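What follows is a short report on a single structure.
The chains carry the letters A, B, C and D, assigned in the order they are written, with residues numbered from 1 in each.
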Amino acid sequence: MNETFSGDLIYIAAFCLGGLAFALGPFIVVHLLMSRRTRQTENKTGQYIECGMEPIGDAWIRYSAIYYLYALVFVAFAVDVLYLVPVALVYNRQFVYRDFVELVLFVGILSLVIVYAWKKGVFEWKRR
Amino acid sequence: METTVDTSRIVQFAKLDELLALSRANSLWPLTFGLACCAIEMMAAGGPRFDISRFGAEVFRPSPRQADLMIVAGTVNRKMAPAVKTLYDQMLEPKWVIAMGNCAISGGPFVFPGQYAVVEGVDKLFPVDVFIPGCPPRPEALLEGIMALEEKLTGKRRWPVVTPPK
Amino acid sequence: MNAVDPTVRPGVNETFVLNLGPQHPAAHGVLRVKMTMDGEYVMRAEPVIGYIHRMHEKMGENRTWAQFLPNTGRIDYLSALHYNHAYVAAVERALKIEVPRRAEFLRVITSEMNRISSHLVWWSAYLIDLGGLTPLLYAFDDREKLLDLLEAVTGSRLTYTYFRFGGVYNDVDEAFVRGTRQFVREFRPRLKMYRDLVTTNIILRKRLEAIGPISAELCRKYGATGPVLRGAGVAYDVRRAEPYSVYPELEFEIPTRREGDSMARYLVHMAELEQSLRIIEQGLDKLPEGPVMGKVPRVLRPPAGDYCFAVEAARGRFMVRLVSDGKDVPYRVKLRTPSFSNLSLFEEASRGMILPDALALMGSLDLVIPDIDR
Amino acid sequence: MNPTLDQLCDQFGRLVATGPSGSRPPSNPPAPDAPPAPIQRTEHAAKGYDLEVTVAPTAVVMAAEIMDRAGFALDAITGVDWIAQEQMEVVYDYFHPTAPGRVAVRTRVPRARPEVPTIAAVYPGANWHERETHDFFGLVFAGHPDLSPFLLPEDATFHPLRKDYQP
C-alpha cells in the first residue's frame, strides 16, 4: 500500500515543483540572459507612467464602489469556470441526460449574478 | 554616445546570438511615436501598399515597454525633449532608434539663426542607429531604413540592394 | 499628498490627475491633456500644447516672401494645399497679381483632392481611436491612388509646395485628367462600401451618437469652424462666406447636421467627401486652356499695410494675416489655424464625460497637433 | 440677427467718440501713419476684411461686447511689435458664422508698458489666443485667468517674436 502511497506522493511533489519552476523560472532565465548595461539618459526606467510626463499627484485614493462591484462579477464567473473544468474532463464518458441538466442548473444559478449586477446598475457605470 | 549594443550578459552562446539577432531583426516592434509630417508617411508605410509587415514591423506598440525600436518621426522640440528621453529610458534593452526625416536628423527646415524651440538632431539626446533623410522621407525610404537596421543587427542583408540601371 | 482638485465638491470621491500625455495612441501626435478624473468621469480636461511648436510665425519674419512657401505645406501637412492657397493668395492680394483662369481651376481641383486625402487619414485615425483597425487599410488604399495623381503634378506626397505667386508650379497633362476622372468614378462605390461597412455599424453608432454635444453658440464663443461648426447646424464655409478663386462658379452644397454630436461631425465629414468629388468633376469639365503662370514682378515688395486671406481648409477656417512694411521680408505673419480654436472648446465640451467618450469627442474634432502649436 | 455693417459703424462711432470714461486717445501722439478716421470701411477684395476700427486699449472689452451682441465670433488676436514707433499693436479679427462681414478691431499700446484688458470674459475662446500672444510678445492681458507660458516651455521667460529678441 505504501508503494502506491509514496508513488502518489512523488506525483504531488513533481506537480508542485513544476508549478514552482514555472513561476520562478522566467526570473532566473531573464537574470542570466538580460544585458547588464542599459543606456540611460534620464534614468526614468522605474517610472511606471509611460506617457513621457511626470505623474502628478497620487493614485492611492478612494475609488467609487463601481470598480469593486465589477470585480465581484468577474470573481463569480471565475469560480464558475473553476468548477466546470473537472466536469468537462469526465463529461463524455458514459453520457446521461442527468449530467446535462445538472450542468445547465449549475450555470443557470450562477448566471443570476449578472441579473443581480444588472439590477444594481453596475453596467451603467453611474457615478455614486 | 557609442551606438553598439554592449550585451555583456552572464550567459553567452555564439550560435544562439546569431539566432537571436536574426529573430530580433525580423520582428522589430516600433513604438507609435509619430510627432509630425513623417508620422503620416509612417502610417502610409503601415498601409496596404508599402506594407511594413513584410519585415515583421507592423506591430506598432504605444507603450515603450513593449517596443524595441523607436522611430522618431518628426520634430523634437525643447519642450518635448525630456519626454522623449524618458520614453527612451523606459524601453527595454536591446533597443534601437531610427531618426526618420530631416527634423529628427538635424532639425531640418526649422534650423535658422535665432531659433529657440527645436532640438537640432535627436542624436543629441540618445544614440541613433539609422538616419533616414527626406522631408518627409517616402515610405520606401523607411523600409530601406528598417532593412539597414536589419543589416546592422545580423551583419548580412536579406534583400539585395537595388542599384538604379546605368 | 493627493492632487484634490479645488473645483470638485467636497465629499465626492477623491480625484486623481491623469496625464493623457504627449505619448498616447489617441493623441494624434504630441497633444497632452491633463485630466482631473473622478473614477471614469472627466472632471476637468485641460489640454497642454506646445510640444511640437515649430516657430512658423518666427520663420515668417526672417524669410523672404517666397522662402516661406515650404513652411505653408508643413503647418497642417494633411491639407497642405489649402495652406499654400491662403498664403499665396494673400500675397497676390497685396501685390494685386492676376492669376490665369486655368491656374485657378488647377488650384481648386488639387485642393479638393487634398481635402479628400485629409478626410481619409482622419477617418482611419478616428476609427483606430474607436477600436476599428482595418478601415485604415481600405482608406489608405484609396489615398495612395490619390497621392500618385498629386505626386505626378506637384512632386511630393504630403507637404506640397505646388502653388506659386501668380499661378501654379507646372501644368497638368492628359494623364492627370484621365487618372482623376477614373479615381472619381472608382471612389464613389468605395464611399458606398464605407457607408455600409462603418457608418451604419451599430457599434460606431452607439459610440458616437449623443456623445460630446457641441452647440452652435459654444462654437461661436470659441471660434470653432469647419466640420465642428457645420455639425452644430451652422452652414459656415469660407468658400461660400468669403468666396475666393473660382468657387463661385461651381455648385456644391455645404453639408450640415443639426445634432452637434460626434456622429453629426462624422457624417458631415463623409458628406464633404462626396461634395469634393462633385467639385473635382465640375473643375475637370470646365478646365480652360491657357497659361498656368501670370506676370509676377521679379522682386516681391508688397506695399506697407496688412492683408488677410482665409480659405476653407479640411479642418476649418484657415486665415493668414500678413503685415508688410514694404521690405522683401514680411514684418509679421499671423497664422489663424482651425485646430487651435476647435481644440479650445474641448475643456468645456468634455466636462463630466466618461474617458472613452471624451476621446471619441477629441477624435471627432479632427486635430492635427502641429496645426495647433504652429 | 445679422446686423449690417452700417449698424456696427454707428455703434462703434458712439464708442470711439465717447470712449470709456471719456479717456483721450493714447497719451503719446498717435503714430504718423495711423489711419485718420478710427472707423474705416475697407474693400474686402483688397484687404480681406470689411470694417476696420481703431479703439483705445481700454475700449477693447466694450468693442468685444458690441461684436458679441452682434453675433460675431472671434477669429484671431494678432500682436504686432512696431519697435520703430515704440508701440505694440493688437488686432482682434472677427467673422460672422451666418452673415457676411469681417471686422478688424485695432488698438495700440506703448511698448514700455504693453497692457490690454482681457476679453476672455466675453469670448472664452480668447483665453488661448491671449495666452499665446503673451507668450510671443510679453503683452500683459489684465484680468486674464492664467497667463503662464502656453506654447513655450513652462519655465520660459523670453518672448521670441519681439523685434529685439536675442536668442
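The working rule: contacts are C-beta pairs under 8 Å (C-beta built on N, C-alpha and C of every residue); 3 or more make two chains touch, one makes a residue touch a chain.
Source: prediction; values computed, not measured.
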Discussion item. Using the stated contact rule, I'd like to know whether A-B or B-D comes out ahead in C-beta pair count.
Written reply: A-B
Fill in: Euclidean distance of C-alpha centroids - subunit A vs subunit B, Å
37
Discussion item. Counting only Cα atoms for the centres, state how far subunit A is from subunit D in Å.
Written reply: 62
Response to the item:
Between subunit B and subunit D, the Cα-mean centres are separated in Å by 46
Item to complete: Mind checking the centre-to-centre distance between subunit B and subunit C? Centres are C-alpha means, answer in whole Å.
Response: 29
Response to the item:
Among all residues of subunit C, those touching at least two other chains are 21-24, 50, 53, 55, 58
Response to the item:
Shared-interface residues of subunit A (touching two or more other chains) are 50-53
Response to the item:
Residues of subunit B that touch at least two other chains are 64, 79-80, 83, 87, 113-117
Worksheet item: In graph terms, with chains as vertices and touches as edges, which category applies: line, ring, star, complete, or other?
Response: other
Worksheet, complete the sentence: Counting only contacts in the complex, subunit C reaches subunit B at residues 21-25, 29-30, 50-55, 58-59, 62-63, 70-71, 74, 77-78, 121, 124-125, 136-137, 140-141, 143-144, 147, 157-159, 369-370
Response to the item:
The residues of subunit A that touch subunit B in their complex are 31-45, 47, 50-53
Worksheet item: In the complex formed with subunit A, which residues of subunit B make contact?
Response: 5-11, 63-65, 80, 82-90, 93-95, 125-127
Worksheet item: What residues on subunit D touch subunit B, complex-wise?
Response: 152-154, 158, 160, 165-167
Worksheet entry | Parts of subunit C lying in touch with subunit A, wherever the complex brings them together | 1-3, 13-17, 19-24, 32, 34, 38-41, 354
